[in-house]
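Shared between the two complexes below is subunit A, which has subunit B as its partner in the first and subunit C in the second.
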Partner chain A sequence: MTAVITTERLSRWYGQVIALNDVSVTIEQGIVGLLGPNGAGKSTFLRLVVGLMRPTSGALRVLGAVPADEIAWRRRFGYCPEHDNFYEDMTGLEFVETFARLSGFAAGDARRAAAKTLDRVRLAESDYAKKQIRQYSKGMRQKVKIAQALVHEPELVVLDEPLTGADPVSRHEINELLKELGRAGHTVVVSSHVLHEVERVTQRFILIDKGRLLAEGTVGEIRALIDKHPHRIELSTPDPRGLAARLVAEPTVVSVNITESGLTLETREADGCYAAIGRLAGESGIPVLRMVSPDNNLDAVFRYLTRG
Partner chain B sequence: MGWLLARLYLRTAVLRKRSVIIGLFVALEVLLAFNAAGHTTFGNLLRELVTGFMLPVVALVFGSAVIRDDLEGGTLGYFLARPIPHHTLLLSRTGMAALVAMAMGLFMTLGNAVALGASGSELAAATAAIALGAFAYTCVFVALGILFRRTFLAGFMLLFADWALGRMPMGGRFASVRAHVENLAGIEPPFRAVAEMLAPPPSAVTSVLALMALSGGLMAFATWRFRRFEFSGAEG
Partner chain C sequence: MSIYVRRFSRYEGKLEPPRGRFRVILLAELRRIFADKWWRRFLFGAAMPAVMMAGWLYLMTTFQEATGAELDFPFFSVLFGWQFSWLGIMQAWFGASMITGDMQTKALSLYFTRPIDATQYLLGKLGATMALALTITWIPSLLVAVVQYSVADHLTFGAFAENVWSITACSMGAAFTTSALILLLSSTGLSARYVGITWLGAFVFLEAIRGILYESTGRSEALDVLSLARLLSGSVEYYFLGASHKLGSVITLWGVGALLTLILRIRLSGFEKARS
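Moving on, here comes the complex of A and B:
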């Protein structure tokens, strides 16, 4: 797959404060979640990607260009900023149409493209055509921001915290839209500090904190990077003591604790341990009613990576 | 694209509360001129209220809005992420800001001329001077808006400096925008000291060239600075 965004030792300082520190990453076509807590450097990274800022040091290429130096190239991406800023007296249609025209559309085409895009982000025509933006809910405002980023059908869509403040229905609709963009062949970079939300639209992530790249890849790949950290598995069984007695003898198991609902074990080799649990349950006849790994989600990975 | 950007500026800047307030002050100035009929001359009132106060303040309001309002409001990012050359964005909006400042300046000039019975030649000279002055002041405040965060504060300090320079003797006052505007309009300075008589004012052509050079230089500088501009979110 071809790289859409490549950075090499990318850094950005604000005076004495470092916002992004030596980030080297490659982003390919598809949906990528840029994750990190508030102040991690996500917005700075995205502003560098779309050319709103220049790197202090390091190299950055986006769709083959150096972002801050290219003007015509900007037709190829759409940017949805984090901040909730609009011309409040405009309708959603006027707002999106204005930026369609500034992307090179003729007047009539711009209006049609704006209406089509606002339909696509699932904003009702009665809202976007007649109401001023000042009357919109937070979710509707997020959709207008996303629409102005999509109206010119860019190859790369950069969305900075597009789910912030949106109600559950709007979140679902925005998530569906992101998946649809990914299926249509767009590259979508979506930032968030709410990890489980982004997990619904993609399995590819970049994790940053305090301006540093912590990890990149799928949840599984990132999890594999930290396999030396014990991985917890929770089991529900009617005979936790019997199963625990067999599991402690397994070389893949680090520790076993009996709990109210069953037992929790720790392992440094998750795949081997899962196989052992199945084998031991079969041999002993002790049923395993439920098996979950609380560490096998992005929140847990992120907590582990940012700890200390 | 430039016309679209200019119209968008017109729509967003003119409808703001402070633009409406400045519009009311402009109307009030004309009403004052009618009230002052018979007590002062066209030249005196133009110097005291229009070139000395209202014209630069109008230009400050509209010139500072060219970049600073969108920067503080956070909407500038939408423009900078589009395929719009920075100079097109800056110059088209500056052009519209200057036109609005000119329109308000000329409204006051015409109102004062009617109220105070100015001659045709006085009105013609004042019209040209106010139009050029509005343009020069707008360029000053556009550049200031790119350089400083607190444009209004910096703008009022600069207006005070311009006012102070405009009262310097021996031709020193021609270091101010105001003195050139008044020179073009054919307005007598507020004092006629001996020193002033020893150093006669420059010709109208010199004043035009001085204002054009100032405007052009400032816009070239502002464009250069804006090309390197970075947007890191709303500053308001």
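Moving on, here comes the complex of A and C:
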């Protein structure tokens, strides 16, 4: 698959403060979540990607170009910044139309494209597209901001915290829109500090903290690389002691604890352990009513990566 | 692993040339300002001197025999004196927010992720600010010139055309230089209020400095370069009162405007690439 964004030892300093430190990453087509706590360097990374900044050191290529150098290239991406307190006097339609025209659309085409995009972000139906942005809720502001990033049908869509402040309905609609963009073949880079939100949209992540790249890949891939913390699996069964006695003999199992509702085991080889549980349950006839992995999610992975 | 096939289609209509995209910013700014009720009120106030002068012209020509009033009164220089005062206030009030608004709301990042460069952005903002300035200098003066031509029997078309030229040149010089200066101040990132206050304060301060130096250095007219007010009034004297020795003021006015625009261009280029 073709790399859309490639960085090599990318660093960005603000005076004496380092915002991004030696980041080497390749982003391919599809949806990618850029995750990290506030101040991790996510916005800096995105601003470098869209050419609003030059790297202090390192190399960056986006869609085959060096972002800050080529003005015409800017038509190929859409950027939705985190901030949204601008153009309060404009209507949503005027706002999106203005940015379509700045992308080079002729007046009539810009109007049509703006109306179509506002419809796509589900803002047209509420008639709010014709009201001033100052009257919009936070969710509507996010949508109109996303609409301006999409109006010119860019190949790459860069969204900085698009879900911040949005109500649950708007969050759902934005998430659905992001999935739709991915299905349509756009490359979407979406940043967030709320991990589970992005997990609903994609399984591919880049995790950064304090300007450093922590990990990249799917949750499973990243989790598998964290050897230091054994993988926990919780089982519900009517005979926890019986199942535990069989499981401790398995080489993939590190420890077994009996709890009120069943048992919790730890393993360094999750796939092998899941297979063993199924096999032992079948052989012993002890039913497994429920099996969950409480730390096989982004929050846990991120916690392990940042706290050691 | 997913397979991603591009199903969206890029815009295939005709793209407008990049060099004309400043018009989008210009029109968006004008639409924003003209939608402001305070601008409309301001415009009403700024039109008053021209309306009064047109009325005075009409009355004087209608009742000339009864009053014996002279039409040779240099009313364009008086009118521009008034309009330049309105221009100063206009720039402090409306021009001050032109760039600082984009900086404070971080809207600059939206502009500079579009295929426009700092020059297009500058032309859009400068064009909008100049258009506002011309609305209160060029248009009212032109209306007075038309009224004058229609009521004053002795005024030839040649004299009218000369007036129109003088009005245009005088208005353009003032609009260009004051717009470049307020935009440069606006690009400092201060709030619009502080930019406006700085602008008005700079007028008073530079006028005072010029006055002190003027008295202490043998009344040199070269000191006019320190005072935008003096350059503007020198420009009026040159165009409307035939003061040819004020040509220096006209050249300096345009030169200062060009220099400020160049500095602003360099400054905006820095924002575009965020090299700092």
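As a working rule, the second predicted complex is superposed on the first by the 299 of 308 C-alpha atoms of A that agree within 3 Å, B and C clash if a C-alpha of one lies under 4 Å from a C-alpha of the other, contacts with A are read in each partner's own complex, and residues count from 1 in each chain.
Everything below uses one rule, namely that a residue touches a chain if its C-beta (ideal position, glycine included) is under 8 Å from a C-beta of that chain, and two chains touch if they have at least 3 such contacts.
Just so you know, these numbers come straight off a predicted model, no measurement behind them.
In the three-chain model built by superposing on subunit A, subunit B clashes with subunit C. By the touch criterion stated above, A:S43 is placed in contact with subunit B alone, subunit C being left untouched. Within the superposed three-chain model, A:A113 lies in touch with subunit C and out of touch with subunit B [touch as defined at top]. Once the two complexes are overlaid on the shared chain, A:M53 sits against subunit B and subunit C alike.
In the superposition on chain A, A:L177 makes contact with neither subunit B nor subunit C.
After overlaying the two complexes on the shared chain, residue contacts for A:V198 are found with neither subunit B nor subunit C.
Here subunit B and subunit C are compared by how many residues of subunit A each touches, and C touches more.
Of the two partner chains, neither subunit B nor subunit C is touched by A:L123.
Where the contact sets of subunit A with subunit B and with subunit C meet, they give residues 47, 50-54, 71-75, 77-79, 81, 83, 85-87, 89, 98-99, 101-104, 148. Listed in rising order, the residues of subunit A touching subunit C in the complex are 1, 29-30, 47, 50-54, 68, 71-75, 77-79, 81, 83, 85-87, 89-90, 94, 98-99, 101-106, 109, 113, 148, 152-153, 182-186. Contact residues on subunit B toward subunit A in their complex (touch as defined above): 1, 4-5, 8, 11-12, 15, 73-75, 77-85, 230-234. Residues of subunit C that touch subunit A in their complex: 2, 4-11, 13-16, 18, 21, 24-25, 28, 31-32, 35-36, 101-102, 105-107, 109-117, 273-275. By the touch criterion given at the top, residues 14, 43-44, 47, 50-54, 71-75, 77-79, 81-87, 89, 98-99, 101-104, 148 of subunit A touch subunit B in their complex.
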